[in-house]
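Which chain is which? They are A, B, C and D, in the order written, and residues in each are numbered from 1.
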Amino acid sequence: MSEWTFIALLLVTAFIFPAIPIVAGTLLGPRKPNEMKNSTYECGVETVGDTWVQFKVQYYIFALVFLVFDIELIFLYPWAVAYNQLPLFGIVAGVVFIITLAEALVYAWRKGALEWL
Amino acid sequence: MVTLEFYLIVAAILFSIGVYGVLARRNAVAILMSVELMLNAVNLNLVAFWRFLAPTELNGFVFAVFVFAVAAAEAAVGLALIISIYRNRQTVLAEQINMLKW
Amino acid sequence: MLTFSPVSVSFFIMALFTIGGGLGVVTTRNLVHAALFLVLSLFGIAGLYVLLEAPYLAVIQVLVYVGAISILITITVMVTRRLMGIEETYNRQWPIAAIISGLLGAGLIALVVAQFGALTPVADVPVDNIEQLGRAFVTHQGFLLPFEVASVLLLAAMIGSIVISRDV
Amino acid sequence: MPEALAPILDIATFIRETLLSLFETLGASPELANGLVTFIGAFLIANFVLLILVVNIWMERKVMARLQDRIGPNRVGPWGLFQTVADLGKLLSKEIIIPSQADLIPFLLAPLLAVMSVIGIWAVIPFAETAIGTDVSIGVLYFMAVSSFGIMAILMAGWSSNNKYALLGAFRAVAMLVSYEVPIILTLMVPVLLTGSMRMNEIVMAQNIWFIFMVPLAGIIFYISQVAEVGRQPFDLLEAESEIVAGYHIEYSGFAFAIFYAAEWAHGFAICALFVTLFLGGWQGPFVDQIPTLGFIYFLGKTFLVYIIQIWMRATVPRLRIDQIMDFCWKLLIPVSLALVVLIALTEGIITTLAEQGILTAPFLANYFSTATAADMLPRTFVLLTINAFITIVTLFLLARRGRAERERFEAMRQSMAPIEAGTD
């Protein structure tokens, strides 16, 4: 547990450190807002409404394939840790797992889901 | 020392929040987020039981790991469905998705 | 019972994150804010996992939820954005929903307090927990079948969602 | 080892013990003293990360300048060493402009999260055998988890600015970062496979032969993917000025911008430290088991060397297009790293099984997985290098065939276009 105290303290410190100059900057720094300055930067043209740009599904698919590999990691890292003591059967079981997921990659590739258009 | 009941109470509260979200929100994405909360409440329960009742056995731990995998699969398919419905019907409000066929 | 210690203080902070984030998810009207609250809530749960001496699960919680699922959700919010006004986000049955979930929560808490009063851990977590897990995943006595089924589940989930989200 | 020299030989332990006894004589309980020392350690690491940034930025500008036949900063302080400090002073005195349509809380939270994700990485990096923030049992996964906050920060920044360019930049960035996380996950598994542990210090200690010499392919893929993860050149299209102005931090100014900038630079240095820890032997070096303090020197020396390579890459390689970046990741790095993991596992499984059955009998196969001495690791190095060479050759062969096909297709297209071109002239 004590090892996580360190991490908690480090993260809190890391959060507070940059927060101080930002707060100081907003409080002490120059503050002369005007309409032009505070407008959104769009190369001089005024923004209309929200930024409602429609996004392509492509972004979703990349995140999706990533998610699948992320889950793979949950199962494979314990396997990798135990790897040195596993019999051949155990190693093959892990390899089968990887290959099943590689099929997912092959499918996405073949379907053209990995092309950036 | 934090005893088992505190973890279970947190999980119970989170679960009911999730139930409320599922029942009360209109947006399908928000409903999915609430489902995600419920799943996590259950998972917290599992891990707490594992830690307090059978820390030397792997069963509870493994169960939690598999819940992760299922939750991820659920989120992926659920969000894909929402995107698909949005493209076909231009809506993500749950009460407007009431036709079985279109 | 509860005494003042670093563990109990961090438990309360994390519980606050979890429940506060959860409340944020269901009450905020802005969906991107809801996704951010979801991240906060799930991060709180990761903290609770650390306190439960399951750092592996905590790290995975952060990796999978903060690193992947919340991004997926945010992208979905952006992709389905055009109709996502700031107007009302509750349906007509929200008072009933509030009552039902309140009752459910109260019932669950009563049950929990009655059944699992002040239990303390029966043993320590083995040090080579993760190694055992890795071995258990690939042996007959362990979880070989679920392990391989999980990979098929992920394959199916991925193929399914690619098919669903790509059809025009 | 002479007793009097102990503090110098192992300076980290010495400082820790001194502080502990100091706090206890001041009347603190052992837990409190421990907590205070932990806090001081965390504070020191956070400071180290931010202070070394000054050196990093200065070094980057100097090396870049030399590579481009310039002198670089040379006015503020000796050799322009205080240029960064002056820049910081300037940025501090500037206004933090908050766009009127921005979403205030995520807008200000995003840079903080970005810095947090970078400083958090350093918690598990061993500077020397006795000087590691905390040696958690899942160190390798921990830094992956912490860096995923960086992605969240980018999304928050892009969304809360309420700016089309920022959002577009953020989405591109996220798509790219998420993609390059996959090869990192896969190649990171290789050191874990070789060591049988996820503790950073154990991974370092296992490297009597540096892992880069055992699995060069994994090391190179890991490094390239990490460089992409930082978004440095040649993968810097997150802020491609000519296309999306500045990417996700377009609306940031003053110190809020400086913090994003700092996070990016610190991340660039952190990945060098990670690469050194995982593949270049970390603090390992001659005499380090007698004098642990030397570990600092080896570690920082190697890290700066790797950092210079990064600057060198920046100065030489042109920026890639986004489709090229994606193709490079999904169609080259990921298949290769998958093949690497699968082949390593299969080959080693078969070899050890054969040795157990007594079919393959060689004395060195008895402790094939041992990492105790460099000599013990030699047979494994040989096997792994063979696998690496095999995969490299196959990959190059496939790439060459692909390239030839592309060229032929292009030539054929030009042939068919030729009469039309001639006609229009």
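The rule we apply is simple: contacts are C-beta pairs under 8 Å (C-beta built on N, C-alpha and C of every residue); 3 or more make two chains touch, one makes a residue touch a chain.
Quantities reported herein were computed from a predicted structural model and do not represent experimental measurements.
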In terms of C-beta pairs in contact, which of B-C and A-B ranks higher?
-> B-C
Central chain, going by Cα centroids?
-> A
Whole-Å separation of chain centres (CA-atom averages), chain B against chain C | 7
Find the geometric centre of each of chain B and chain D from their Cα atoms only, then give the gap between the two centres in Å, rounded to an integer.
-> 34
Euclidean distance of C-alpha centroids - chain A vs chain B, Å = 20
Just give me the whole-number Å value for how far the CA centre of chain A lies from that of chain D.
-> 15
Provide the list of chain C residues touching at least two other chains, using ranges where the numbers run on.
-> 6-7, 51, 53, 55-56, 60, 63-64, 67-69, 71-72, 75-76, 78-79, 82, 130-133, 150, 154, 157-158, 161-162, 165
Contacts with 2+ other chains: residues of chain D | 35, 136, 141-142, 144, 167, 171, 174, 178, 181, 196, 198
Per-residue overlap in chain B, given as positions that touch at least 2 other chains | 65, 68-69, 72-73, 75-76, 79-80, 83
Full enumeration of touching chain pairs = A-B, A-C, A-D, B-C, C-D
Note: in the complex, chain D contacts chain C through residues 35, 103, 106, 136-138, 141-142, 144-146, 148-149, 151-152, 155-156, 159, 167, 171, 174, 178, 181, 196, 198
Which of the residues in chain B come into contact with chain C in the complex?
-> 1-10, 12-21, 23-27, 29-30, 32-34, 36-37, 40, 43-44, 47-48, 50-56, 58, 61-62, 64-66, 68-73, 75-77, 79-84, 86-87, 90-95
Show which residues of chain C lie in contact with chain B when the two form their complex.
-> 1-3, 5, 7-8, 11, 15, 18-19, 22-23, 25-26, 31, 34-35, 38, 41-42, 45, 48-49, 51-54, 57, 60-61, 64-65, 68-69, 72-73, 76-77, 79-80, 82-84, 88-91, 93-94, 96-98, 100-102, 104-105, 108-109, 112-113, 116-126, 129, 132-133, 136, 142-143, 146, 150, 153-154, 156-158, 160-162, 164-165, 167-168
Note: in the complex, chain A contacts chain C through residues 1, 4-5, 8, 52, 54-57, 59-61, 63-68, 70-75, 77-83, 85-86, 89-91, 93-94, 96-97, 100-101, 103-104, 107-108, 111, 113
What part of chain B is in contact with chain A in the complex they form?
-> 65, 68-69, 72-73, 75-76, 79-80, 83
